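You will see two complexes here that share chain A, one where it goes with chain B and one where it goes with chain C.
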Partner chain A sequence: MANLKLDRVGKTYAGGVSAVENASFEIADGEFIVLVGPSGCGKSTMLRMIAGLEEITDGDVQIGDRSVNGVEPGDRNIAMVFQNYALYPHMTVRGNMAYGLRNQGMPKPEVEARIAEAARFLQLEPYLDRKPSALSGGQRQRVAMGRAIVREPSVFLFDEPLSNLDAKLRTQLRAELKDLHKRLGATFIYVTHDQIEAMSLADRIVIMSAGRIEQIGTPMELYANPASTFVAEFIGAPPMNVLPVTGEAARAFLAQEARVPDDLGHVGIRPELMSIGDNGIPATITLVEPLGAETLVHLKMGADKLIMRSGHGLALDAGAEIKVAVEAGALRFFDRDGRTRSA
Partner chain B sequence: MAALPPYTTLGQRIWHYTFRTIVGLVLFFLIAPILVIIPLSFNAENFFTYTPGMLALDSEAYSLKHYRDFFNNSDWQQAMRNSLMIAPAATLISVGLGTLAAIGLSQSHVPFRRAIMAILISPMIVPLIISAAGMYFFYSRVGLQGTYLGVVLGHAALGIPFVIITVTATLVGFDRSLTRAAANMGANPVTTFFRVQMPLILPGVISGGLFAFITSFDEVVVVLFVGSAGQKTLPWQMFIGLREQISPTILAVATILVALSIMLLTTVELLRRRSERLRGISPG
Partner chain C sequence: MQKRVVFRNRWLPYLLVAPQIAVTLIFFIWPAYQALETSFFVEDVFGFSRNFVWFENFTRLFADKGYLRSFWTTLVFGLSVTFLSMSMALALAVAANRVLKAATAYRTFLIWPYAVAPALAGVLWYFMMNPSLGILAYMLEGTFGVDWNHYVNGNQALLLVIIAAAWKQISYNFLFFLAGLQSIPKSLIEAAAIDGASPTRRFWTIVFPLLSPTTFFLLVVNLVYAFFDTFAIIHATTNGGPADATSILVYKVYSTGFVGQDYGSSAAQSVILMVLVIAMTVVQFRFIERKVQY
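Now for the complex of A and B:
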C-alpha cells in the first residue's frame, strides 16, 4: 500500500539550474531508505518533491501505485520531519501535534487519544503543555516526530533530522529512530549527509552526487562494491584509498593481482584490508592516529598517500619503514571516468 | 556611575566626561521642547509663558481650564472625532495592504521585487508636499477630494511604507519550513497564513500598524490638500489654533497626544520583547 516509485524524476529550476536529473527507484512498503550525498547533491530537493512541497518538472512520483504529481502535500498521506523541526513556537507541544489532525477535521476526542498515545510512545507526556522554546534539542526532535506519528501516515520523510544535535544525542536518537521504524512498520525515507547515519539506519541506501543517483543498494553492498570512486570515497571513515593507476602504489598492488581488467583509471582498497606483514609492499609511516580500539596509520608509498587501519597497540612511530600485505580480493578497479570495472 | 579604572589617563578621563555631556545634551535637545509644554498646558492664564505663580509652584497658578476647553469646544471635539475616524480606517487599510505586499515581496519568485518595493516605499521618501499636491489633483479628478474616503486613502498611502518595512523585517527571521510543514500537514495557504504565519509576524504587523496610525494621527499636509473643512483633523485644528487664535488649548491637546504616543510606543516595545521571546525557538 505504501510502496513508492520514482520514474525518471527531474527538477529544473526557473533559471535553468538542474537540481535532480532522471532519478528512478522503487521503495517497498515498510522499507527504510536513506538518501545520502554531499551538500547540494539534490537529496533534499528529492525529498521535497516526494512530499509535494516542490514541483516536479520531469517524470512521475507514485505512492501506492497512484501518481501523486498533482496531489496536494496534505493529501499524499505523508508526514515530514524537518531539519530544524519546524515546530510552531506560538503553540504548545499538544497544539503542534494536534495541528495536522485539526486540519483534517478530526473530532476532538480522537485527536486527544492519538496525542496521548504518541506522547507515551515518545516519552513526551510531561511536556505536552510546554512551548517548544522550553524544550531541549532532543525533546524538540521528539515533538517533531510525534507530530508526524499522530497522523499515522504510510510514509515518513526525514530531512536531516539529527544534524542539529550533538554527537552523543545523535547516536542515541539514531537507535531510537531505528526502533521507531521497527515498531511502526511504515516506509521511512531519510535524508542525510552523514554516511555513518546512512550505514547504520538504512535497509537500502540511495547515494547521490550532483543531482544524479550514483548507486542504490544495501549498506554492505555499497561498502564492499562501490559503483564509482565517488561512492568509494564517500562511504566509510576513513574512506577507501583510491589510487591513480599511474602511481607507484597502484602499480605495486596490481603486480600482486592475478587478473587485472584493462583500461584502468584507478585502483581502490579499503583501509582495513591491508596489514603490516613480513613481506609485501614497502611503505613509510607518516602519521599514527591511535583511536582506542583501532589505530589509523597514514602511509606513503612513493608519491602516493594512503591510510591503513590497524588494531590497537601498534608499537611503531612516524618514520618507520614497513611492509604492507594485502588481503586476497581486496582490490577494486575503476576506469578513467571513475566507474567500476570488474576483473 | 561606575568608578573609572585606576589606569585611565587624563585624556581618557576628559573624554569620558565630555562624552557623557554630549549624550546628555543630545537627549535634552530632543526631549526639552516636548517636556516644556506639559506644565504650560496646566497654565491658569491664557498665555504661552510660565507665570511667576507657576514658577513658585503656587497651586492657584495651575488649572485644567485648557483641558476643559478642549473637551467642551465643538471645533476641537469635531476635529477629535474626525481624527479618531480617519486614523483607524487608514491604519486598517495600511496594515491589510502593507502586510500582503510584504509577504508577496518576500517570495523569491516575484518579478521586479525591488522596483515594486521602491514604488510602495516612495511616499515615505518623496517630500510630503509633493505627494499631497499630487493627491489633490488626482483626487479632484476622481471626485475624492473633500471626502472622508479621500483623506483615509491618502493617509493609507502614507502608512503603507511603515507596515511594509516592519513586516518585511519580521519576515526575514521567518522560517520557511514552518509553512512547508503546514502544507505537509494538509493546511491550505489561507489557513497557514492565519494560523501559522500571522501569529508569528503579528508583532511586526502591529508595530507597523502603530506607525501608520501615528502617521495619520499627526498628519497635516495631506489633509489640508485633500480634505475640506468637514474633515478637519486634530493636527489641522492645532495648526489653525496656532495661526489664528494662539489658544493654549493647543498645549493641552499636545500633552494628550504626547501621552498617547508614549502609550503606543510602550506597546510597540512590549510586543518586540514578546516577539523575541517567541524567536527563542532556534534549535540546539
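Now for the complex of A and C:
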C-alpha cells in the first residue's frame, strides 16, 4: 500500500511539446483518483510518468515516500491496465497473468494459486488456456485486470480501460471496478476523458486542461463549485450554462441577486437549479428533449441560449413563452479569465 | 463485390498476357524442359552423338564423392549465411528501432549492400581479403596474427564466401526485421517492463516470439538465396576453389557443364536443384499461408 506525491512535475517531449506543466498533488493510500480532461490534455503522459514509462523533465514523483525518478517501471510496485489491453498475443490467459510473477522468480505453486484466485474473482476460469485473440473485448479487459491484480501492487494505474467497450459493458465494468477497489484497498489512479466515469468512480477528481491541473476535489465539490468555466462546462451532462455578463440572460439573473462581485466575465447556472415559475425571467422554449425520468428544455433568453432540466411530464412545446425561476444561491461567478469569483 | 473488366474483343485479353507467357515459356519452361531432357542423355566429347541412358547421370552423381561433398558444402554454406545475415540484421534492426528518429541515415547506409550487384559484392570482398594486397587480410595478419590465404586454405575460402554472401543479404533482412519490429505495439513492451522484465528478457519473451512470422519468412528466403542465388559471388571471389572447397551445388552445375563439358551430368544436377527449389517453395507457401499461430 502506498501514498503518492507529485511535486511540480513537468514533461516536455523531445519535439518540444510541453504535455504537462507544474503538476502537484498528493494521493492518500487507498484512494481512488481519477484524472479527467479532454483528449490531448496530458492525462496519459501524467500516468505514464507515474508508471516510469516516460521520463520526467521537471519535478519529483514519490511513491510511498520514496522518490522514484530513475526507478524502473518493474521496480515501482505498480501495475497498469492499458486502453488497448496490451495483452501478450502469443501467450494464453494463464501465461499473461503468470508473466509478471515469473519475472519476480515466484515459485510455481504460488503463481498458480494467485492465478486461480484472480480467475475466480474475475470469472475467467473457463478461458485460462485461451489466447487473447479468442476472447471478446470485455473478457480481454478482465484479463488485463487479472494481470494487474495477481501482482498485488500497491498502486493500480488505468489508462482509459473502458473506452473500447460498448456502453452497456462499460457501465457494468465500472461497477465492478469500484467493487474491486473496495476489496483490494489499493491506491487507484484512473485516466478517462469521460466525466461520467470520473464522477461515478472517483474519491477525488483531478481535472486537467492543456497540460495544467484545473481543479482537484471530490466529484460533488467540482460539480457544485467549479474553479473555472472550463470545469463548469466539462463536468455534468448537460453542462453548466455559462453566460457572458454582457448578455441579456446574465443581466436578468444578476438583477435578482443581492450580492454580485465586481469584474465579472461570466455567470454560471446548473440546468437543474432553474424551474418554470409564475414569475421570473421570461424565456422562449426552442426545443424539448424528453429523456424519460427528466426532460431537457432548451431555452432562449434574448440572444442567449441555455438548457434547463425539468421533471417528466412537461406539457409544453417549442415556441411556448415561460417564466424561469432560479433557486437561491444557484449562480456561480467567473471573472474575465474564466476563474471563479466569490460574492 | 468484385470489379471485373469485361473485354469486348475476344483476343485482347490473350494478347495482353502473351508477353508474360512468352517470357515464362522461353526463359523458364523451355530451358527447364531442355535440362530435364538432357539429363537422360550422355553426349560424346565432340557433341556429334548422344545416347539415351535412363537415370545413369543421376546414379553416377550420387556415387560421386565430390558431388556428395558439394551437398555438404552447400548445407554448411547455406545455414551459415542464413544464420549470420539474419542475426546481424536483427541486431541492427533492434538498434535502429530504438533510435528511429535518427535512423534515416542509418537505414540508408544499411540498404546500400542490397543495391550492389552480386558480382561486385564478390569482387569487393575479393579485394579486401586478397592475401597480398587486401586491407582486411592485412589487418587480420597485423592484429590477430591470422595468416589469411583463401587461395590455399579451403576453410578460409568458405568463410570468405559465407561472409560476402551474408553481408549482401543483411540489408534485405534488416528491412523486414525493422518493419516487423515496428508492427509490434509499443504498449506490449511497456506492459512487459511494468511486469518487471529486463530488456533482454523482454526481447526473448515478447519481441522475438512476435517476430516469428517475419523470421520464418526470412529463413526460407535466405536459404533459397544462399543455395541458388550466390553463384555470382562465389564465381567472382573464389571460383569454387580451392579444390572445390566453395563449390556449392549451383556452382557445380556451372563447372561440370561449362568447364567440364559434361552436359548430361550438369543437366541432371540442375534437375536435382529444380526439385529442391520446388520443395522449398512449397514449404514456404504452406507455412506462410498458415502464418505462425497466435
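Here, the second predicted complex is superposed on the first by the 342 of 343 C-alpha atoms of A that agree within 3 Å, B and C clash if a C-alpha of one lies under 4 Å from a C-alpha of the other, contacts with A are read in each partner's own complex, and residues count from 1 in each chain.
Note that in this section a residue touches a chain if its C-beta (ideal position, glycine included) is under 8 Å from a C-beta of that chain, and two chains touch if they have at least 3 such contacts.
Since the structure is predicted, the reported quantities are computational estimates derived from the model, not experimental observations.
K.L.:
With the two structures overlaid on chain A, would chain B and chain C clash, or do they fit side by side?
P.N.:
Aligned on chain A, chain B and chain C clash with each other.
K.L.:
Which partner does A:I78 reach: the first (chain B), the second (chain C), both, or neither?
P.N.:
Once the two structures are laid over each other on A, A:I78 reaches both partners.
K.L.:
So, A:N103: does it touch chain B (first), chain C (second), both, or neither?
P.N.:
Both partners, chain B and chain C.
K.L.:
In this superposition, which partner touches a larger number of chain A residues, chain B or chain C?
P.N.:
Of chain B and chain C, more residues of chain A lie in contact with B.
K.L.:
Of the partners chain B and chain C, which touch A:H90 in the superposed model: first, second, both, neither?
P.N.:
both
K.L.:
Is A:N164 touching the first partner chain B, the second partner chain C, both, or neither of them?
P.N.:
After superposition on chain A, A:N164 lies in contact with chain B alone.
K.L.:
Taking the superposition as given, does A:A51 touch the first partner, chain B, the second, chain C, both, or neither?
P.N.:
both
K.L.:
Have a look at where A:R140 lands relative to chain B and chain C in the superposition and call it first, second, both or neither.
P.N.:
first
K.L.:
In the superposed arrangement, does A:P244 touch chain B (first), chain C (second), both or neither?
P.N.:
A:P244 sits against neither chain B nor chain C.
K.L.:
Which residues would you name on chain A as touching chain B in one complex and chain C in the other?
P.N.:
14, 51-53, 72-75, 78-80, 82, 84, 86-90, 99-100, 103-104, 133, 147, 151
K.L.:
Flag every residue of chain A that touches chain C in the complex, lowest number first.
P.N.:
14, 51-53, 72-75, 78-80, 82, 84, 86-90, 99-100, 103-104, 131, 133, 147, 151
K.L.:
Mind listing the chain A positions that touch chain B in their complex?
P.N.:
My answer: residues 14, 48, 51-53, 72-75, 78-80, 82-90, 99-100, 103-104, 132-133, 137, 140, 147, 151, 164-166.
K.L.:
Please name which positions on chain C make contact with chain A in the complex.
P.N.:
Chain C residues touching chain A: 101, 185, 187-188, 190-197, 201, 205-206, 209-210, 294.
K.L.:
Which part of chain B faces chain A closely enough to touch in the complex?
P.N.:
These residues of chain B touch chain A: 109, 175, 177-178, 180-188, 191, 195-196, 199-200, 277-284.
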